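I've put the structures underneath this note.
One chain, chain A, appears in both complexes that follow, with chain B as partner in the first and chain C in the second.
After this line comes the complex of A and B, so read on.
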């Protein structure tokens, strides 16, 4: 029977089309092209710039020249000290809180859990500004902080430089460590612990023998991410370290570029990227073989909680103290200081001038309050528009990239897309900003230079947050199983229609939450935009930084309060969106 | 008519489907039967147009719809075929009605016609009362019916099923089997049905292709497969209970089965004899054609008794009239018939 048909005359071919490439290849090429343009080109042009004839000398100057100690080696040492100390402190703080919340019977577990994620909602320069308002001493002249105002004498080491930088950064980044470690601890199901108990193990033994090994990858990951965050943080060392000439690579990079020594700045930027990337790569490598632990979770129910016994209250106090220092105190100080004419007397003579006052030559050199200040108002408009634009562009790109790679993961195209999309994680924001100056500072072919335009901010912001948007997009796509899309494909619906009618409605919560997350990240970002800032295109964070470094701390703090409120409000909105009732999710 | 011509699918250097050629007439119920990983789902996805064959052609009604040699294929939506996914793949944000209606909307069917057709298929599958529910508000069996309704609504000429009953409980599975056969008669669509359950294949199919490691081991009617298995694999995969395959080896004095000499005449050394369960007997004592085995399982089936007994490298299942006197774990004597139903070479092909 089968033989007969094979000898038939040639068959008619129905109206089909030839597929030169595997399905999805076109989409993947488009995504890869976009990513190359957004991420690879700026980084590449930075490197190429430092290799040109006239800039090549910058490498020697930075690494081995007469000035190399001041340019690179001392800032490198400071940067490494910050990275190591902050990451250790973060893993300890975050791990401690995560353990309390996930594994023990501490009271107010839920509240502690929420509070521990809050510092990440606060811009990192908020705490630095708050620190200044509290601890500033008379060394630099100008106004002193609240403690000196109260009659205490604040030593230099506590007011400026390394110690405050370490404290502020640790109190900021520990919430990142908390999130990662808590998630890992949550996978330690009660089954695992109970199995150990049946085997005869007790508290400490279970912690050391079962729990710690399971979460080790998370500890390493948390430590390395906190390291990368701390070494690339610009705002805190700039506000607390620069006044006493403590330089990190990030502040050095900023300084070089703002005084026009672009090539040296780029070289420092490249070295900063290499350090950050090397640590992340090494950490990833150290734990990559063990990742599979996370999947061995089985059905495990609610984790059995360690009874803290008499240690409950003392531990609660410790947790409360950490959380108060990280969130409550900075917020109160910022708010108070935006109302107080003198940070030496934070809680007296309050005035709303810095918020709603008209220009008055007697106060703050005539700078009007926020609602009358055209610069600040414009910055607010630009920042909000920027946030919305980047959130939209980011989610669109993230969804597209995740969609293109999720369907067929095999092949070098998908692998390349994935790797390129995670590249910005290795690049500190300030170096990424520098790369965009190198790339978009000059006309590209027929296109004019983008420097100073809103478009550049949008592109740079979108590119910088590609890792987050792709990750969110991937999580969203995974919710919508492949067969749901395939069954839509079988009906003949095209890509756009399928995305619109199937993927997007199913993914809308995830997309909205992801978009808002990006929005928050952009409006409170300083390090990326600090180099891309121009007076015609001001953004709030840079404006706050400028005011702070010029001594107008009330304005800086008031703007930071606005960012803070916006961030928190947006996050709450995201949560509400997620909770919005969807009939197909009932029951 | 549905034809496959030397269809091959490679993923990297793995051949998931190798040189599959077969054809069934219009209205046939073709079952692709095989263990997991044998390539049957890949073959089905190529029929649906979701995968491109690496070589070979797929022909629906004289029209080539996929041509692996030329990397050419008709869009999944234009092949006049519909696929019911194993997971059902119901769109969770659409109601039952929405799920059935959306494909028709995409196809550009006018509203009144569309509504009539939706009502018709919902009635046909007995789920018209559920039209406003969401997929998570109905049971697994009802979800299955919605998935089928959605697939048949556009009246495809070829219906494809990917293990559609595997997520249902045993009782529902039997009901849906009947339901699917009724539906097949009602629509007259050529049906291709993938399963690893040989009972489903035997009860539903007009044609069965038994697949193993990407190849079709045997293609024929259910009766063909049971009565004239062409390979040892088919012989042990189909039938309830499946046939017993017993290796027969030569030693100095004669032919040995399970450690005992037997008066058998195999066509080759190392050949395997096929004994059907209904031809094996439970003997009270040792005889010239009995094997002493350890009783492993006893179960009653429709008034008869299915007895399984094992030796270190032998497992025999017999269907007998009475319960054995021995208890599980004790030794029983299984009597072999004089001639086996078939002989297979050590490599698996039939030799007598």
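After this line comes the complex of A and C, so read on.
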């Protein structure tokens, strides 16, 4: 500390990197320790568990022998099909819409741009529920969906299993691809495009020769992130796949752990992490140098938009169709089916019983409407508290990590912090949940076990979202001029004082916006919490999932509507706070 | 403020050893004030009927809040083990159906303790008192749609379920998700001799086992090959089999007692009793108290309550279970008038020890068939 103060500030910029390390190292070690505790330890304890004497057999069961096909290979095949098809579909859909919005003169560009980001706010299990409300057929007997109710016959392949899973996941993850690709398209240099135009190149030539090479890294990044998301998605295959016995690695993992075959579950989880990590690593390597997945970096100059000419209207219709399927229809169906006693007649006999009714033994085994249902009310409280706690903890950690690394990125410590903070991106939510059970299922040293506590949910949620919080923190820190911090440092202000008096006030809007986005991510998450959930600590998404799997779809849909409204409202608030320019929307 | 607290603490300390010895012998009247002081009792229950128990219990004993969680037996076991490993106790009372697993996993490990209310101890057969108290027998048996089949069950032999006309029309809950259904599959394997006889009765020739080690395994393989539909809860089975207005409804394995919901839910569920060699299984629903339960008196009071009062139908505490298809263990509770009498009921009575011995293997078998 003292030595740093004695340093001549102007010199420090030029030559002082190495001397800088001394004061920063302590903080970096603290951050690294926290990250290791939150991320590395849980993952490590899962691996260690499967290596113990009595669990070691699980590796053999899963990978070889007569059970391996059912436990691993068949689910693996399904998982890979889902990953590949969904990522390709997402890049095509997202890329198409991003191209329309950023590069062409399509009408309603702003609306399309906003609508294309909405599906990611709808929890994927909500879309799966909506699919069931529409397409559910008589395979299970009993209730059918709206289409069959209208007299259409829905074949099994369209009602259950792989096809609906692919459609639902593609319509969910394409908005992730859209965001990444749109941001990349917005950086296509106008000089290059204009130069080509002056040289007489046509649209196709410009697309293939200039635009595609520039956005290829973004396409690869988008595809690989959609792949990682799709292979780890739990709710959609769980809700749509079981009646035709379709299993993915994520549903197998959940099944094994929920029946107490923990070791087999962990092995499947580890393999799922490895697959996801391998794909992301390969993609990252293919486009090495372009590490920032989701940051939107604007560029001033804008190329002249392609005139679509006569294709304008047809293309607009295609875009509208995609967005209607991905956003409008699921939301309408969800809302309608929270009011309709029978999903076969979605738009008739509406009742608000499922929202505000008192317990009535004749309806849904006496489950009261959600405003009178103590379980649901408790879940809402727990979920909101969880959202706020994770957002707070996440932003604190993100700020700390970003602060520790932002001013001096060199050195193995900074590199390690960055690497470790991105690790959760490679870990599917459900596997991360499993890791936390392995880690927190028993007392750790002098501390009591965290299993079943609220604190565990907060810690796991915070750890799982570290990539996002660190990234947000970094963006925020970079907005705050380093000179202010240095001046304060010269006057002898300590780290806490400087953070509290300078960085935080200046960055508070960005921090709040980042916090809200983390809040949204955690309240609609199912895959992380589905294993960590305990009955005494209910959260909304798990409750909705349970109601859905027990056949009380109206309650499931009503809860999902609440999550949806909260997510959208919070996201809009964050956008406003951030006043983030969406470069592709500017004309 | 301070002195009374210390005094109370001392009184409690003095009472503690006596308490530990006597708590199991206390009458409901002695338990009540202490239970009211605790104010709460938390239950993990494998049946949704805990909601009705809650209502009745809170009416009978105001001031004690019953918090009931409807959790499948399989998940209860996984949770209770995880909680025990973590050193936390969330539930006071555990109401669970999966005795073959619950006894080795929860009782022998000391996670649960047995409690037999002294009030009813002399009116229970021995097998209902240990290793865990049982208040009733529950079932997983073949049910059909009475409206579509007014003349009786369309199925009279389990092997018919492997015939083409039942392809994709037999439902059950995934045996890997619900232990009761794994017990049913296990019992079929244990009863392989009877299954072989029933095969011959159905098809007129001795069974060809193929690669299967026994007739029960062969049946399970054939059933899965015939596209048996797996769902995630018994309510899915009930709705599918029972819903009114179906022309060609499926059949399914579910709880006989779910027939009680026919009127409320618009179902026409009926039990198929005349089925060779049996229509399913009948097994005890057991009650236990968590070791170190946070509300020990309220827990005991609740179990006493759930065993029923001294009237011949068991009164409000037993009312949720006094339905056709559940068989009370108490010898003085009269059988439900609408139910098939227990001695005429065709279901196999499971043997928890034999079941526990091969259950894992049957589970692995199901895994390969899925």
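Note that in this section the second predicted complex is superposed on the first by the 543 of 587 C-alpha atoms of A that agree within 3 Å, B and C clash if a C-alpha of one lies under 4 Å from a C-alpha of the other, contacts with A are read in each partner's own complex, and residues count from 1 in each chain.
The rule we apply is simple: a residue touches a chain if its C-beta (ideal position, glycine included) is under 8 Å from a C-beta of that chain, and two chains touch if they have at least 3 such contacts.
Keep in mind it's a predicted model, so treat the numbers as computed, not measured.
With both structures placed on the common chain, the touch criterion links A:452 to chain C but leaves chain B unconnected. Look at A:497: by the touch rule set out above, it reaches chain B but stays clear of chain C. When the shared chain is aligned, no partner comes close enough to touch A:305: not chain B, not chain C. Contacts of A:139 after superposition on the shared chain: chain C is touched, whereas chain B is not. Of the two partner chains, chain B is the only one that A:488 touches; chain C does not reach it. In the superposed model, A:69 lies in contact with chain C only, and not with chain B. By the touch criterion stated above, A:440 is placed in contact with chain C alone, chain B being left untouched. Residue ranges of chain A in contact with chain B, taken from their complex: 1-2, 5-6, 11-20, 22-23, 410, 481, 483-484, 486-493, 497, 501-502, 505-506, 582-587.
Residues 3, 5, 11-12, 21-23, 48-50, 52, 57, 59-60, 62-65, 67, 70-79, 82-83, 85-87, 89-93, 102-103, 106-107, 134-137, 150, 154, 219 of chain B are the ones touching chain A in the complex. If you check the complex, the residues on chain C that touch chain A are 42, 44, 48, 51-52, 69, 71, 74-75, 77-79, 81-83, 85-88, 90, 105, 168, 171, 174, 176-177, 179, 229-233, 235-236, 239-243, 246, 249-250, 261, 264-265, 364, 367-370. If you check the complex, the residues on chain A that touch chain C are 66-67, 69-71, 139-143, 242-243, 245, 247, 255, 257-260, 361-362, 365-366, 437, 440-443, 448-453, 534-536, 549-551.
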